[in-house]
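What follows is subunit A paired twice: with subunit B in the first complex and subunit C in the second.
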Partner chain A sequence: MTALDPGPDTQPAGGKNLADAKGAAAALATSRRRRPSWGVLLGQPLFVAVVIGAWAVWRSNAELDAIEQRQLEWGLLGRLTVQHLQLTVVATVIVLAIAVPLGIALTRPGVKRAAPVVVAVANAGQAAPVIGLVVLLAIWLGFGFWTAILALCLYAILPVLRNTIVGLQSVDPTLVEAGRGMGMSNRAVLGRIELPLAVPVIMAGIRTALVLVVGTATLATFIDAGGLGSLITTGIRLLRYPVLISGAILVAALALLIDWAGRVLEEVTRPRGLE
Partner chain B sequence: MSEISGVDIELTDVVKRYPGQKKPAVEGLSLHIPAGEIVMFVGPSGCGKTTSLKMINRLIEPTSGSIRIGGEDIGRQNDDDLRRRIGYVIQGGSLFPHMTVTQNIALVPGLLGWDRRRTAERVDELLELVGLDPARYRDRYPRELSGGQQQRVGVARGLAADPPVILMDEPFGAVDPITRQRLQDELLSIQEELRKTIVCVTHDFDEAVKLGDRILILTEGAQIAQYDKPEAILASPANRFVADFVGAGAALKQLTLSRVSEIELSRPTVAEVGAAASPVLSAAKAAGDTSVVILDGKRRPVDWMWTTDLDGLDKVPAPPDDTDLVTIDRRATLNDALDTMLMSSHGSAVVTGRRDEYLGVVDFQAVVTRIQEHHEEQATRVDTEDPTGAPA
Partner chain C sequence: MWDYITERHSQLLYQSYQHLSLVIQCVLLATVIAVGLAVVVHRNPRIAALAGGVSAIGLTIPSFALLGLLIPLAGIGTATSVVAVTFYAVLPILRNAVVGLAGVDATLIESARGMGMGAIRTLLRIEIPLAWPVILAGVRVSAQMSMGIAAIAAYVLGPGLGSFIFTGLTQIGGANALNSALVGTLGVVLLALVLDALLLLVGRLTTSRGIRV
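Up next is the complex of A and B:
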């Protein structure tokens, strides 16, 4: 233990809390081994930067025909990327706004019994093939951005909903009772104990949803909602492999970046004091 | 003894019936808990002791009957307000892992709207009280504490808003025996200062005997088997059930009733860290001591050196980092004292008082003498006592 905390006050008075002090030192040791993931966190965007850089170099120097030139024009690429991000962010925000409160409600006494039913519905939303979902919704509601958003939301609601429920359910019930026993209201227990402790699990669900959405948004092009998917479909339709492959690379890079952002968010929002 | 700051608790015909169960979990419990006392609830598992405890802060609502705290019927109060005025300490401390020690302790004061400064002062005061250095521990997270330290913080949290009544649910169940003994001693010395009304559930009868001013032994349905002072229960169990529960070693359990403070302590030579060594050595020689107890500036024992080790040194040295001096509180039982001596290389144990201040040394012989006295007292008491076993 001396190696860990050699300060003169390490030794409790009278050697009295010796067992305690040793235990605490061990606890500190484990806490210092935490957060090894920053290396991974830095590696991922670096990798994406290298891939995008290499692609940009190719794009600047490659000999392209007129169609390819037009499809891979920088301004258009920028607009498609922004569209793709809009689809992703708007869908995710809506999913959060629905799934987190719903997940909270489904863990409250009284409403609890409805949880399996709701989760089953959400499950169906995810199990259904997205392409079918997108097309069916478009036939029903018409083409466009908001129909795509609806399809994406249906598809991505499950992980957030399920993780919110699981995260809240896995909070040690004695902590909830401790909070109640100290005179915290149900609302205060939820806001100050249950939710903070469930944050890591909920955030994992949100990251999953983000990754699902960013990938699935590729299909939005089928109902005229834009996004980087249109590069892929155009590439296939016009048999222009440079366009097709550029689209695939850009979507993959964006997905990796979004995944990375999700990981960073997970690290940042994890309450201090939790392993 | 300081002034009583607790209030009394009166349970009248309290019943708790769970839907779908034939027998009530608590079947008409009536009980008076005097102000400023520690009352221990013991009994086999499922006897309703925890249910009874949780009805006092309405974590469980009684089906019928009334509970009064300090004369006020708690059924008519807002349950959150009620609980803010009752300390609650649970097994393992149940600290909130995402909050620092300070945030955990400051929770109830925060709910009561204390200002920041008053809360901060209170947190430091409480950490001192439970034997944790505020500067070192106040900003730590629970996982950076050992089990015993977490439990100490749990006790501090229960005391935070200075409630007159404290409920404890198996408070020391999750720590090792040595730490448990320390925590029990500390609770007793804290109680000596504060005189709260403490209701404590335990499954450990020895703990009940050690801590309790009174022990409530319950059978199924929270029926009172016996409710009396520990001495009386040990000396004359009310019935077969209590006798079985107390166990065969009732006479030996009396050891748990005797405190180190009842024994006359020997007072070997002491020296303060940094004092010149030679006068200490000559004092030890004059007293015939082969060892010297080393104290720090606040008269807390930090080391126990053989005179041979001190010989040739200029000054009394500060204790090495790996000192393994184990001390016992004067409130420790003879049982605890014997345990501690077995671990000590000196065959005796250093005794401390309030806030770890040095009091003296208890040796094996003194404990044995006290046990013998006890047996003799016991024999005469049994002879003279009313054969029905009613407490004198």
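Up next is the complex of A and C:
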């Protein structure tokens, strides 16, 4: 349907941008199917629930030493999860607030020519390995939550920006023409024809961004910005496998849940007429 | 920064070589695994769809989490990073290989059979060559991804340029922290570009002439 969504048949996103290949690949795989089966939509959270349930049973019954007890205390786990979600949600919201309007602006007449340049610059920025980006920003700006947010935003802005541009560009020009012919203003054409038609593509980009951000947020622990990744680093530093594995399981479960939420969001926001 | 590079150029070259070699070996291994799997599953649409789903779900799992899960099994060091990088590298190739093989025109397979080719010869002479550009596109995605994952794997003492980045992190405030992190990051970017160009070249050389565009 669009350049975002060539299916694996054409040049994948990897040629154009390096770093978000993982997220893009994840999104491509599923966005190719027009409608994910309900089996997937229900199966994924069920699987996560089973894994978390099994882990919680283990956590309640396992014999842990004092350090492990302290690291895996329920309150701490809750706080870390909340921090992780905060990082994910705040970064994604900022990305949306920047990338969607920017994408819209870059498809308006007059500014249109700048679009390839902006995407190229965004691509170039994305080519850096994300851990390098996180560390460099921390050296420059210091440790902490907002540095992590900045790194996450820089990393996740491209998929949303690119998909917004591609989604809007792929709207059939005859429809826009028809809208104009009906006497709609530019604003009305954008709001009532172009954006609704581009929503599925934009949402696919947002889900890619969400998956990227939730995964990258595990690295926030390196710059003291919290999140569930800190369980993994603590587990490695203290060589406490229970802590390490708990962290890995919780992070993976959270990522799968966020991915699932993104899928549901994609389904819910798909305009009725596009079924 | 230039002084930093010249002072440490042997270490830098060595780690770059290690990084590149890790990625190339893992991606090669992943290609073999993924194409093998795809050959087995692509005839059955249900299992093929399942492979696509597994690929998508697998890519959702944060690499740092997988590294964590692997440490108890593979220990700290090279083994863990090899397994992790290979795991992620398999996924895009698998998905592309399944799609590529499924996209081969059935009449071509039919005529190959009609010419007296056996199943294996059909696979090697018809199906894989026709699916090759699609498979290779997956390999390129894998290679780029692996570069970044290998950098993260340096935290668990995997080989490669990631060690410069983590050195920068631990020496923060020190004189060479920025140099170290910057050299590591830019090095990975450079290697990724080089490898991508290399893969493009491989693509031109290995794509069957009849389907070259």
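Basically, the second predicted complex is superposed on the first by the 239 of 275 C-alpha atoms of A that agree within 3 Å, B and C clash if a C-alpha of one lies under 4 Å from a C-alpha of the other, contacts with A are read in each partner's own complex, and residues count from 1 in each chain.
Here, a residue touches a chain if its C-beta (ideal position, glycine included) is under 8 Å from a C-beta of that chain, and two chains touch if they have at least 3 such contacts.
Model, not experiment: these values are computed from the prediction.
Contacts of A:Ile139 after superposition on the shared chain: subunit C is touched, whereas subunit B is not. By the document's definition of touching, of the two partners only subunit B reaches A:Ile193; subunit C does not.
Touched residues of subunit A, counted separately for subunit B and subunit C, are more numerous for C. Using the contact criterion defined above for the overlaid structures, shared-chain residue A:Phe222 touches subunit C, although it does not reach subunit B.
Touch criterion met: A:Tyr241 reaches subunit C, while subunit B stays clear of it.
Applying the stated contact rule after C-alpha superposition, one finds that A:Ile131 touches subunit C and leaves subunit B untouched. In the superposed model, A:Gly183 lies in contact with subunit B only, and not with subunit C. Of the two partner chains, subunit B is the only one that A:Leu274 touches; subunit C does not reach it. Across the two superposed structures, the residue set of subunit A contacted by subunit B and also by subunit C is 9-15, 18-19, 21-24, 26, 30.
Residues of subunit A that touch subunit B in their complex: 2, 6, 9-24, 26-28, 30-31, 172, 174-175, 177-185, 188, 193, 196-197, 271-275. Against subunit A, in their complex, subunit B makes its touches with residues 54, 57, 59, 80-86, 88, 90-91, 94, 96-100, 107-108, 111, 131, 133, 136, 141-149, 157, 167, 176, 178-179, 182, 296, 298, 300-303, 319, 321-327, 350, 352, 356.
Taken together, the subunit C residues at the contact with subunit A in this complex read 52-53, 55-57, 59-69, 71-72, 76, 88, 91-92, 95-96, 99-100, 103, 134, 137-138, 140-141, 143-145, 147-148, 151-152, 155-156, 162, 165-166, 168-169, 172, 177-178, 181-182, 184-186, 188-189, 192-193, 196. Within the complex formed with subunit C, the subunit A residues making contact are 7-15, 18-19, 21-26, 29-30, 40, 44, 127-133, 135-136, 138-139, 211, 214-216, 218-219, 222-223, 229, 232-233, 235-236, 241, 244-245, 247-249, 251-252, 255-256, 259.
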